[in-house]
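I am attaching a structure below and will ask some questions about it afterwards.
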Amino acid sequence: MVNYLIVLFAITLMYFASAERLIIYIRLIAVQGLLLCGIAIFELKEINGANLIFVVSETLIFKTILIPYLLSRIVTRSGISKVSRLAMPGFYLLILSIFALLISVILANSLINPYINTIYMAIALFTLFTGLLLIVTHKLIISHLIGFLIIENSVFMFSLAVGNEMPMLINIGILLDIFAGVLILGFFGLRLKPHTNELTMLKD
Amino acid sequence: MSISIVLLKNKTITKVITIGYALIHIWFTIYCWTNLNKTELSYFTYNSAGVLLLSVLSFLTIPTVYHGFIYGAGDDVKKFNIYHSALIGLMTFMSGAYLANGMTVLWIFVEATTLAVAALIYHDRTEMALEATWKYVFICSTGIALAYLGILFLGFIYGRGDAANLSFASFANIINNANPLYLKIAFLFVLIGFSTKMGLFPMHTVTIDAHSVAPPPISALISTTLMNVGFLAIFRVYTLFSSSSILPFMNHVLILAGILSLLIAAGYMLKAKHLKRMLAYSSLENMGLVAIAIGVGGVGYYAALLLLVLHSLTKSSLFYQMGQLSRVLHTFNLDECGRYMKLYPAGALVLIIGMICILAIPPSGLFITEFLIFKGLVFNDQWLVLIIAILLLCFVIYAMSTRILHIVFSNPRNADSLRLSDKVNPVETISQFVLLGVVIIMCFYQPPFLADLINQSLALLPK
Amino acid sequence: MRKGSVFSKTTGLVFQIAPVVTLSTILCALLVIPFANQNAVISFEGDFVFFAYLLAFGKFFAIIAALDTGSSFEGMGANREAFFSMLTEPAFFILLATFAMFTGYTSFSDIFSHFFITDSHYVLIYSIIGFFLFVQIAMVENSRLPVDDPKTHLELTMIHEVMILDNSGFDKALIHIGSYLKFAIYGALMYNVIVPAGWNIFLQTALFLAVQVAFALIIGLIESFRARNKMNKNPKFILTISAIAWIAFVVILILTDKLS
């Protein structure tokens, strides 16, 4: 069952590379949160009940509901055009994404470890690369935020992989999540224009 | 304590509380000195490297607070309170990070410092400040996430058992049977992640922007002690791994990062027009030297820690001087500054002595450290690194000395933009002279307690 | 008086033989596809590579014939056609590679006769993935919507139609027959992926006809309900098919436990 969820997760990542509208990105983040919640439920059978409930509820509330809601508020409030603007033609992002999957599969095979399942490693690395690619190839700040959220999902997935043995690590990963939520709230508070792509004022 | 500041709307009470905090901090540092290597609360250990850097921090608290009061004299109460409460928060988090026992505790505190610094950078509320704040928060968060990945990789090696704090002591036993590829990847991630804080090559850009925009007393603090936090994190991991087989790999990576930082610092400093940006590049250069020192090994370890301490003292005094320069000349732009010696002789003197100190010209303590680094490089037969480093340092010396001498002695290039200057009390420069004096004394005489503490921190490293 | 082909004065030999070459390559490619658990007429190891490159050879001749006419307009169409074929090629190969990986053979006949015999629980998923991808590849290779509209005559948006603009009479008929045959080939491949090879021969023939009719229905439905993509969205669309094929590969790696 966990394998199916992980595969669906990888499919959402590939979808990121080929989608064009920002609303689709936000929906994908929500779907990813849901999938991570499902993976958490099925995977963490060995930690005690209270911790499990905390992890599951935090994933559900933060990743699936709260953060996408805040992001969609930002998008609609700023009246931003629905198409995300890229720094390079969208075609190359897809090729790079395919390469990222290839590299992560190869890396996962060479990093075999008795404590972590290879599938987790491969897909988590793929998530990391996709998040980095998204940050590097997009120009808008809100795309950068979404890339950061994807990197965070990758960290969460890594910590889930060893979560049975080290539950504290998951909790600290959640702290990172809450931090990201604060960041987005700060976005609101500072009234930053999310379609600002000319962060070039500070030059020599 | 910081929350109480925000709630009270009175400036003098804020000042009192802040001074009280600074005194508590100094007392705490003295307490740590007397209880070296004791573990407290199972999360903090007063280990030697941490205590060393902590004492630097407390040495700088009084001047920072003092200059902060002067800088914020014209602000309204709310901004003043936010500034000081964030300052106290920042110093607390940094102290926590210095004394942390395990990787995860360290990581949490570093993450907390990012938030505190963001509130401080945005103090001016200009558009440039907004941009710098956003960039800082975002890239630091990404760096922190990557560093957390590195910690997770460390956790994979550790295997079973609730390693909640991943304390350094318990790690040392299992490093030897770990897969070296995992160690390499963990080290790389930790290096890249914490290089946002330390200001080394992969993610140095945020520190440059942040230092050039933040209020000068804050720049002094974050350009020195916060970079020390980043260094401490990387140093801890380095010490941990130094007994395993990846030591040559780590040294190569560190030397590469150091050289690239030097290259970027030299290149950009030659065309820097904003004075605080120039000082920020100088910080980048010094951090590059620290990385090279660690990569060299042997004598270089001692040099790295000494360089950190002396750099903190020098750079902070220069930044304090920048605060006063802005009040005298009303601008940071190079083209519009000039004749500083006539307008404010004490400050100009500070600038010149500070410049000599930070460029590692002989009466300065940094000269000793750079000399040790070069000695180490020669011992290891790394001639190419040595030549490139010396060449780049020459560029840096040229860039910085031309700019500062120009400000101090000659007329400004845009002669019509010389504005009326406020009268600045020369008494304010006393703190800066004291700091610079310590640096100069260190060149000739290194007190034994300092040398002992540094050697204790290096006890686990291979000779 | 019967109508014959009209050849333009700027064309040469290549233009005259191209339609025949195209049809003949397609007919040869037909010989490699198996049916109903028998071996194909020509079957050897790695014959799916042979298949793909035969079809590519035919397309190559069509392209150089279009360039032979000397019209820059046809050259533009040839350019696009070559580009899109290049983008679908990975999809086809990765799909066949996944099939080869989990059955262990490299010839069409062997792959399809062993496709449903491997005792894996997920065979149905593989068939569905294969079916879906083959439909998409077929739509792109035969220049159908949403990549290319065969009915459009807006000059700047034609892709395949513009390549055959100068052909007439018998040659044009050959090209159209080639296109129909390619559809039938992909239909046969789809049939092989869906229906287990061990069943009764009469049942298989009936199912084969049913699958071809269903395929035609699907094409009709897709063409009726979709509009042509914007031209600069096409590369991304086609590359997405390759990306899906690649993900399918990783999925099958995971599901066959080769990745753990």
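We just call them A, B and C in the order they show up, numbering each chain from 1.
The rule is simple: contacts are C-beta pairs under 8 Å (C-beta built on N, C-alpha and C of every residue); 3 or more make two chains touch, one makes a residue touch a chain.
This is a predicted model, so every value here is computed, not measured.
A.B. asks: Using the touch rule from the top, point out the two chains with the most contacting C-beta pairs.
C.D. replies: Contact tally peaks for the chain pair A-B.
A.B. asks: Mind having a look at which chain is the central one, using mean CA positions?
C.D. replies: A
A.B. asks: Please compute the C-alpha centroid of subunit A, do the same for subunit C, then give the distance between them in whole Å.
C.D. replies: 36
A.B. asks: Using Cα averages as centroids, what's the distance between subunit B and subunit C in whole Å?
C.D. replies: The mean C-alpha positions of subunit B and subunit C differ by 62 Å.
A.B. asks: Starting from the mean Cα coordinates of subunit A and subunit B, work out the distance between those two points in Å.
C.D. replies: 32
A.B. asks: Identify all positions of subunit B at which a residue touches two or more other chains, and write them in rising order.
C.D. replies: none
A.B. asks: Residues of subunit B touching subunit A in their complex?
C.D. replies: Against subunit A, subunit B makes touches at 104, 107-108, 111, 115, 118, 122, 127-128, 130-135, 137-138, 141-142, 144-146, 148-149, 152, 155-156, 158-165, 179, 181-182, 185, 209, 212-213, 268, 271-274, 277.
A.B. asks: Flag every residue of subunit C that touches subunit A in the complex, lowest number first.
C.D. replies: By the definition above, subunit C touches subunit A via 235-236, 239-240, 242-244, 246-247, 250-251, 253-255, 259-260.
A.B. asks: Applying the document's contact rule, which stretches of subunit A touch subunit C when the two form their complex?
C.D. replies: 3, 6-7, 10-11, 14, 17-18, 90-91, 94-95, 97-98, 101-102, 105, 108-109, 117-119, 122
A.B. asks: Which of the residues in subunit A come into contact with subunit B in the complex?
C.D. replies: Against subunit B, subunit A makes touches at 110-111, 113-116, 128, 135, 141, 144-145, 148, 151-152, 154-155, 158-159, 162, 165-169, 172-173, 175-176, 179-180, 182-183, 186, 190, 192, 199, 201-202, 204.
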